[in-house]
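One chain, subunit A, appears in both complexes that follow, with subunit B as partner in the first and subunit C in the second.
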Partner chain A sequence: MSSIPLPAALQRDDHVAMEQKANRRKRMSRWFSILCVIIAFLSVVVLVVLLVSISIQGSSRLSTDLLSNAHSELHPEQAGMWPAIVGTLFVCGVCALGSLPLGIGTAVFLEEFRPRKLELRWLRHRFPDQSKTWDKLASGLYKSIRGFHSFIQLNISNLAGVPSIVYGLLGLSLFVYMFNVFGQIKVNEASGWEIAGAQHYYQVLSLESGQVVLIPQTDRTQSTLTVESPTTGVTPDGKTYEVGVWEPGSPKPTDPSVRRRTVRKGAKGGVFTDRAWYYFRLPFDRSFLAAGLTLALVILPVVIIASQEALRAVPPSMREASLGLGATTWQTTRDVCLPAAIPGIMTGAILSMGRAIGEAAPLLVIMGAAIAKSTGPQHLMDDAVTMPVLIYNWAGRQQAVYQELAAAAIIVLLIVLLLMNSVAIYLRERLSHV
Partner chain B sequence: MTLVSKLFCNGMTLACITLMLTGCESKQSDSTDPVAPVSSLTGDVKIDGSSTVLPISNAIKEKFSEAYPEVNVSVAGSGTGNGFNRFSGKETDISGASRPIKPGELEACKEAGIEFIELPVAYDGLTLVIHPENDWVKQLSIEQLKKIFVGSDAVKKWSDIDPTWPEEDLKIFAPGVGSGTYDYFHEVMAKKDKAELRKDMTLNEDDNVLVQGVAGNKYSIGFFGVAYFEENKDKLQAVPIINPSDDTAYLPTQENIASGKYAPFSRPLLIYVNAASLNNAQVQTLAEYYLQNASETSEQVGYVRLPEEVIQRGIANLDAQKTGSHYVDAEGQSRSGSVADIFVEANRVE
Partner chain C sequence: MSQPAALRNRRFRSTSTAVYSERFVVMMLASCATITVLITAGIIYMLITESWHFFTSDYVNFKQFLTGSEWSALQAKDIKDAEFGIWPLLSGTLRVTMIAMLISLPLGLITAIYLSEFASRRIRGILKPTLEVIAGIPTVVLGYFAVLVISPSLQWVSSGGFDTFNATSAGIAVGILCLPMVCSLSEDALHAVPNALREGAYGLGCTPFETSIKVVVPAALSGIISAFLLAFSRAIGETMVVALAAGTRATATLDPREQSQTMTGFIVEMIKSENEFGTVQYYSLYGVAITLFVITFGMTLLGQLIRRRYRESYE
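Moving on to the complex of A and B:
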């Protein structure tokens, strides 16, 4: 009966050794938990050190000037970042409008509309044909749908790791130039396909210095106008008036109101385009719209992957219950899966918008390093200054004032980011109790 | 159902908030004198080019906008080379440059049918800096600098340049390869001999890093724009450079740069104006304004003013719309020398 020897561990009856071993294991466990706490603490310390050093450096520049003024080269002590705040909100708004619907839609397609044997059955049902070739064709078609599906999945995972500057270059040809399909935006020449909101005039200097007359343009191909005879001008609010011509040599009019409406004979005028806020044109050129859409590309993979995770976390039983009650896939997605996944999707959206707001590289490629704009974008095709680009520029300046301004601007950027996130978290809380 | 409509509603609220924000921002910074008659001049001017010229253009834009609030001037600074690329692609009206146009860029402009007016606006000096406690270097000649900076066999220790100097390793800090400053230094030091600058320097695009680097090591040497040195005078020491034409060493002071004595390390900053754009009243007005205010403005932002006669020649060229470059001769070769010598009517090639 006792032919099988007991294992060595059970044979030993050394209580002291056993206790030592147990103590050692417990000590290891304790050490490990302490290590984890230290590591977690370290990352917080780094963040705190960063925040403290930035606030020390930038606190002296945190003023209403910073929030209300524009960048100033001549008076750096009064420089501000209001246009940059507005610009960032616009760019991020376009980015959210572009990436969230697309990203969530793609996630729904990948998770909820996975190709199942169902499609194959549907194919066979729709085209009842018993021949072998048809069978092969149908299953081939089904396999290619599955292949397409996993191809998209693979691409999305890869795209999440592509550096943002590469997206900047993509955005440059895709949105800024649109592969030159709609022509190029050139000074003194064509301006692409203007679809809405543009009024073209010739602008000619009048005799009164600093004042101009506007003459409506009739032929879009003629880029300069030479005034030889009296013609019709318009005021900015649309009233027409007679534009007089003064011939050099003859007595010059003296009355300012007449001088304002008179131009020198042979005076030349270039085209001026009056743009309404809805001015729309293809290609987008270096506008905030192109920048926002490029950022949307940057964060799209992140949004898709986060939304996929969220949808995957919805218990299959809920889905099956819904389908079992006779709901279609669309009804199940709309009324069961999406509401349950909304908190997760929103978390992904918050994280990705956080990335978008701090992104500088693609914006530098798309809009250039322009920072001296004194207002936010005035029309859809206008360019914009953004906070990361402004900080990048200020931090590289030699004057100490700009270094401090850069630190202060970072604080403002963090506050704007926190505000945006809290709005999103508030929305998430409300939506998850639908 | 409710979810989708709620999402939509919340989205609309956000959009409304954003719209309200823009509403109050539009006419914000019009702080013009109410007595002065506001100009009705309007339209767009697009400027791109050197990041060195950017502060001048920004400052000019700032002043210009006070006199002509309706004109929308957009100033970018994506670099001299990139700027010329956009200029020859007819994307900009004015291009800033921290070096004269290169023959290739001139060719690109000609191919695109662009005529331009070349206008020098200010001087920038390139400063060689050492640690303030460095007491052995009193001045440097071009030959000594070539020993330090040029070729793969460049010296490793200070004593290799002059046996009386300490036998310590040289630490070299220089601007990044993409910067106009590096280009310019390379052109002065190595281009004629068809040589390259040494590769084992610490390169950085951020001039603050260079300042920190030189200030932190007694045996270091570096170079960057004079404006940066002016801001960091307390941490660094500038090296007088021996002018090859009169064998005297000069410091990069305002006077020495303006008089051309600080050679060969002072360079002109220029703007190139598309001649076709001058038909637009706003570009014409801005270009004139730029030249009239160039000297004062460039001093305000840390550069050195050009001799008044050079500015006047520029104004005359602008008035007469005399196009073409002074820096590329008829054979397509670059000229080099001081601005006052090169920027003359006889050198202009259309």
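Moving on to the complex of A and C:
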């Protein structure tokens, strides 16, 4: 084996030491890859521990009661999460309606209407004034449009890093109080303008026990009414009638229908408000509408970034073909780019909605941590309970029964999220191969 | 729109309609984009005007706010006794965040290296969905997990050395939360390193370990650092985990076994309390929020700066 003599410089090196060094390096590499495997599978272990511990804790409370009942302080063993499920649906519906059009529009603007050199050339062609100032003006205009694009891009990356509780505070100022434009913020009292759907009455006890007459309120600042003389009352379906007054001492009317329409002289009534489902007021106050719009702000950056990536993945050759046939940029976007990007946009939308469903911090700020509500929202300005807020409230209590309920509610929430994520994955697989 | 000479003197209705609708659409889309700017402006306006009420109040001193080591906005019965010094909240936040970073940064980076350099297709097929599922878990669930599992097991290990609500269990849960984010962003950065660099390293006789640590990771460093900064700002702003698991006493210690109220935890506690709108205690939440915002905004900007300035581009 003495075919090629080693150079003198290498002959001096110690073969044994070289081999040891090589072995050490190989051993190091092997240890590192073992460490990698252990650490990488740590995440699997964590996930398994999480799921197992929660399902052990919550399995005893998983029943139809949980799905159909409302929270109850007196009978915690029968408490359920139906209002929270409905509330989550409403809040996330508003969130989707708010964030998806806005987010996809912004993504289209940033990706498809990116200023190109073409426009600068068109400007020069359109106004063939060769003077230096014009040239400077045109390129300045072009640069400022480009600057606008990159500024918005930077802004979106920054918005994605803002903590969600700060968005909650923004929603509190913007949607709940509307920066106080509609008057001084009052505690425990609604301020602002009621626009539609509200009827205010005074409720006065009639002579028939357990029955009341409704008298329309004329002055909103007066919260009680004392009946001294006959006035007009209203039936619940809007018909007016004369309310009689009974002087104590004189004989009471005997006919029940008359008694029902007669009140004692000097009887006092408090305000009662009847709200139709389309009840609308400004500012929104602590309503599910305000909460949904705030959540829309939280997930807006996520929607924009996902849609941008989907649009970027559309091959430029398709755009060029469409533009080459004489379509305008918007026609190209509408008929070529958006249809091709739909799977990606849908996936991003579903994943961001999953995030919205699990978000609790901004909702705590907007609607508070109270969960005593037995139904979903009854009108547009009604408040709501959502699943994460319910879980937060239950998990923070000391009693074991509420801890178990929290775990059971978490199982329901995770099943919903898992279903949504698998729909997203299915869509991505199915639509991207068409 | 420039037209060929043959068409120049003819008016096509469809063309001019398209031109007008094009202008309209661009206006609409640009206004969508402008709304994102307005949101930022709204956040800044809201934080400044509302915290103005706090900083100009008689009971608050800006210098004391920055340096004071006692925070008793909710504990004090009388407003005169309340102390507003941000340090206890800041140190609580930093304690939780540091523990979270100690867990998520090394583990996330090593998992990312493993996924991009070593893992076979089958293992990727297990690990990737697992990380996606962890990333999709609502934070309130992780907070419950911290209370239910992490905190009792810490107490069991240390035989009662930890409080029921402590910084460590919250930090571990936040770390679990940040792990998928660190991992996927770092993996993207590692993935962008061209194969020629790896092949060069192997050609010079490097082992896989040396290739990934000495060649690939340094080449992707700017992306990795900006992923770290993003995870850091996410951990600082994390709310539900700390609201459930970190406790409600603002203390200025460095002991991770004790309760620690974070800035976000204070905001939640304040919202839940009975303090009415317009009191100094109420406005103090905006003072905390503006501090939080400045920190996270700075982190994001720093991350983008690093990404832009130090990005190695391989074309």
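We take it that the second predicted complex is superposed on the first by the 312 of 434 C-alpha atoms of A that agree within 3 Å, B and C clash if a C-alpha of one lies under 4 Å from a C-alpha of the other, contacts with A are read in each partner's own complex, and residues count from 1 in each chain.
Criterion: contacts are C-beta pairs under 8 Å (C-beta built on N, C-alpha and C of every residue); 3 or more make two chains touch, one makes a residue touch a chain.
Since the structure is predicted, the reported quantities are computational estimates derived from the model, not experimental observations.
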With the two complexes superposed on chain A, say which partner A:185 touches: subunit B (first), subunit C (second), both, or neither. both
Looking at the overlay, what does A:222 touch: subunit B (first), subunit C (second), both, or neither? neither
Just to be sure I read the superposition right, which of the two partners does A:106 touch: subunit B = first, subunit C = second, or both, or neither? second
Quick check for you: in the superposed arrangement, does A:89 touch first (subunit B), second (subunit C), both or neither? first
Per the contact definition in the header, classify A:368: touching subunit B only (first), subunit C only (second), both, or neither. both
Subunit B or subunit C: which reaches more residues on subunit A? C
Report for A:50: first if it touches subunit B alone, second if subunit C alone, otherwise both or neither. second
Who does A:169 touch here: subunit B (first), subunit C (second), both, or neither? second
Is A:70 touching anything from subunit B or subunit C once the two structures are fitted on A? First, second, both or neither. first
Contacts of A:271 with subunit B and subunit C, given as first, second, both or neither: first
Give me the intersection of subunit A's contacts with subunit B and its contacts with subunit C, in residue numbers. 185, 187, 364, 368-369, 396, 403
Quick check on the complex: what are the subunit A residues that touch subunit C? 25-26, 28-29, 32-33, 35-37, 39-44, 46-47, 49-50, 53-54, 57, 101-102, 105-106, 108-110, 113, 122, 125-126, 151-152, 154-167, 169-170, 173-174, 179, 185, 187, 297, 300-301, 304, 328-331, 351, 354-355, 357-361, 364-365, 368-369, 388, 391-392, 395-396, 403, 406-407, 410, 413-414, 417-418, 421
Please name which positions on subunit C make contact with subunit A in the complex. 1-2, 18-19, 21-22, 25-26, 28-30, 32-37, 39-40, 42-43, 46-47, 50, 107, 110-111, 113-115, 118-119, 123, 126-127, 130-134, 136-145, 147-149, 176, 179-180, 207-210, 213, 230, 233-234, 236-240, 243-244, 264, 267-268, 271-272, 276-278, 285-286, 289, 292-293, 296-297, 299-301, 303-304
Any idea which subunit B residues touch subunit A in the complex? 1-4, 6-7, 10, 14-15, 18, 21-22, 25-26, 28-29, 37, 39-44, 46, 48, 51, 54-55, 57-59, 61-63, 65, 67-68, 72-78, 89-93, 205-208, 227-228, 230-232, 274, 276-277, 279-283, 285, 297, 300-302
Touching residues on subunit A, where the partner in the complex is subunit B: 68-74, 82-83, 86, 89-90, 93, 184-189, 203-205, 210-212, 223-224, 236, 268-273, 334-335, 338-339, 342, 364, 367-378, 383, 396, 398-400, 403, 423, 427, 430-431, 434
